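In this document, chain identifiers A, B and C correspond to the written order of the chains, with residue numbering beginning at 1 in each.
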Amino acid sequence: MLNQIMQSRLRGVMLLGLILIFLPAFFANPFHYELAIQVGIVAATVVGLNLLVGFAGQISLGHAGFFGLGAYFSGIATGTYGWSSIPALVAGAIAVGVVAWIVGRPILRLKGHYLSMATLAVGFIIAIILENERALTGGPDGMSVPPLEVFGWQLSTFGRYSLFGLEISGVQAWYMVAGVLLVIATWFALNIIESPIGRALRSLKGSEVAAGVVGVNTTKYKSLVFVVSAVYASIMGGIYAHFQGFITPDLASFDFSIVLITMVVIGGMGSTFGVILGAVVIELLPQALADFQELEMAMFGLILMVTMIFMPKGLLPTLNSVVPNITRKKAAEVRHDSTG
Amino acid sequence: MTALVEVKGLDKVFGGVHAVEDVNFSVEAGKVYSVIGPNGAGKTTLLNLITGLYTPTKGEIRLGDESTARLTSNQLAERGMCRTFQHMQVCMNMTAIENVMLGLHLRFNSGLLATLFRLPSMRRNEALARERAAQLMDYVGCGDYLASEASAMSYGALKRLELARALAVDPKVILLDEPAAGLNATETAALEELIRKIAEQGVTVILVEHDMKLVMGISDQLLVLNYGRVLAEGTPEQISQNPDVIAAYLGG
Amino acid sequence: MFSEFLQYLFTGTTIGATYALIALGFTLIYNASHVINFAQGEFVMIGGMTTVALTGMGMPMIVAVVLAVILASVLGLALQRLAIAPAKQADVVTLIIITIGASIFIRGIAQVVWGKEYHSMPNFSATQSLEVFGAVLNSQSLWVFGIGAVLVVALVLFFTKTLSGKAILATSMNKEAARLVGIRTQVVLMLAFMVSAFLGSVAGIVVAPITFTSYDIGIILGLKGFVAAAIGGLGSGVGAIVGGLALGIVEAMAAGYISSDYKDAVAFSMILLVLFFMPRGLFGAKVVERV
């Protein structure tokens, strides 16, 4: 039994890795790479958010706040104070984790719509601070961020690098970074879910009362998953800042929070591979709709609405129930989809 | 014998209404202690108070030599108290065995780092937990559902699953809220057998139940509640002959 | 000193009254269906923008207002029928995303029809403003208070005197019981969405001369309405009104005495503060969890 789950989890991550390796075969130009990198970074963020929303059942409408905080921490630490990238990412993750822990304790007592209201408020406050502390953040105009520096390399999208004698471009190098991070993020998330901690988290959604009477400290686990998902967002925010080279307070905006949670819900709450699919769909949809020009926004809303009405469980879980047994490796995934 | 659970002067008021009023009793270790009474008598409220889901308006609850009225339900679980629910609280987003493994949370937990990297210590713990959970499912008689989703189980099987989860906590005292509700005669007989087995292993049982045959058969001591107050307390024989109880039940 | 305070108070109560109307819309839908309608702000936008567009085409103000309100109410009905009703068993979060999808859709259409520009609307009265103890009171504020008050009285009468109103109340208290006594709960839901859209569009129309209007004004006004409803306690009508006024006044005071950059931050901190101490808002029902 245990072996079986181990294998299915391994198989899922391996499949993801394989897709990421062969995907560039379809890329025609650097823009495709950039799009893929962007999708990868955001996908890793929603894999973290899914732990909170999909598995633990706690709504967050302010998660972009933590993404933005992470981005600005990296941007300010490396750009203004000359830190190197990795220590900045780590320190940013710790700082954002502490912030999430402090605000999480009181607001996670709230339930349902009140929790969504409170998280929305936290996100807004972060965005407003980033917008108005001009001396530090550059205000609404944003700030530029130096390239990612790993082991002495300055990783710029415009650069050229040689790896094991292979000549690669900047976007290709970045694609590798984003791909590796997405695989790690997924791997960690799957490990958390298939563990005592993961069961405790899922029980918060399944029955908080039951969780309590068997000894799960529900307050502690809510805080834990809130912090973990915030740390995911912070690190990916920092990475994103280095990738774009320029950040604005929009990264922390309510709009982006909504984008993130939409990815989780449309992909399939509680399905790690589902939410990655959700990120892909939501990031690429505007590209596909570009032909509609001024109707793009209306089309986006319509598609979102119709998808959620007809597939309330999200894309991947619905696909899985329509075509059972085809995607065996996701069997373990689907089991976590809540019915409630 | 010493009292394992002791309730003194317990009051719970909801918006001016006394759901439980001045209730006193004590349960000796290793006994089956039942709480009966008409609908709305305050039985479930009493259970919710004892298990930390509600905070008493007044009064004291003791578990062993500790006052527990202010403890949360998870702190009570750490002290060896667990329960089942009248309206089942099974996590439908998990498999059957995972629900029971959830009950082993306190015994086989792993740290965040061990979890993230899936260290051998964590994997060993998981294997042990899974094995223990499977034993418990066999013990309560839902061994057929080892590979099932919780959402695919029948009502009776879910009730037994909840019991297995409560036993997983390895409780000193287990509180059962109407375990026989909705079960047929055969299932009830099996349940009676099971409760007897649990009690024989030294686990104290506090039982809220409407099925009089079951209650009279297995209880060592009975408490009768009516309108939130204690109407009578005694052995099954004493209770069945108590005129107040007969009047209350026959609608006197 | 006092005139300054009075000035902020005027500004705050005016915008607060608007928030209160929007919050009442949230409350109504929440009571009938336990859905938080994130498209509520779009009704506000539809009200203002339709009125501006129709008067721009030369239509008399009053006709434009009536048509705008009708359009918004029909939209409310359509939202319930086409988006909410088909998603019966959906999760809370899923419903949030559906209403957000609806709001993006409506906004997208509005952007195509009316463009992205800001539009202004003249005050309802020829007199632009009055002076009260040294503070300037915009004449439109009086319209906001007046119409707000009339609507609140009308709502109270609707809920206490009419069968439809009582049916909505009954459904919000216990849907199953309401169904059992013969209330057609689907009709009640449609009614709730319509009345809610009506309230939102009126708010959008009366406030338009003060704030300007544009295709995307619904986002922030809708959110403020949600904040007001949550401060008051979801489901409480009195709470929505108190929450709306309190939010408007706090914002205006924060903008005046602290910094207009941080006025929204103050508003959002206020909701956090309220929820820390009262997890169900000021007037939210205390519920005992049944297990």
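Everything that follows uses one rule, which is that a contact is a pair of C-beta atoms (placed from the backbone, for glycine too) under 8 Å apart; a residue touches a chain by one contact, two chains touch by 3 or more.
From a predicted model like this one, the values you see are computed outputs, not experimental measurements.
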Averaging each chain's C-alpha atoms to get its centre, pick out the one most distant from subunit A. B
Per-chain Cα centre nearest the global Cα centre, belonging to chain: A
So, what's the distance in Å between the C-alpha centres of subunit B and subunit A? 41
At what distance in angstrom does the C-alpha mean of subunit C lie from that of subunit A? 33
Distance in whole angstrom between the CA centres of subunit B and subunit C is 47
Numbers and ranges of subunit A residues touching at least 2 other chains: 209, 338, 340
Where subunit C touches two or more other chains, by residue: 289, 291
Could you tell me which residues belong to subunit B and also touch two or more other chains? 53, 85, 89
Which subunit A residues qualify as touching subunit C in the complex? 53, 59, 61, 106-107, 109-114, 116-118, 120-122, 124-125, 128-129, 131-132, 209, 254, 258, 261-262, 265-266, 269, 294-306, 308-310, 312, 338, 340
Considering the complex alone, what residue numbers of subunit C touch subunit A? 30, 36, 83, 86-87, 89-94, 96-98, 100-109, 111-112, 219, 223, 226-227, 230, 234, 259, 261-262, 264-265, 268-269, 271-272, 275-276, 279-281, 289, 291
Per the touch rule, the subunit B residues reaching subunit A in their complex are 51-53, 72-74, 76-78, 82-83, 85, 89-95, 98, 101-106, 108-110, 112, 115-118, 122-123, 125-127, 129-130, 147, 149, 151, 165-166, 168-169
Where on subunit A does subunit B make contact in their complex? 1-2, 188, 191-192, 194-200, 202-203, 205-207, 209-218, 224, 228, 270, 335-340
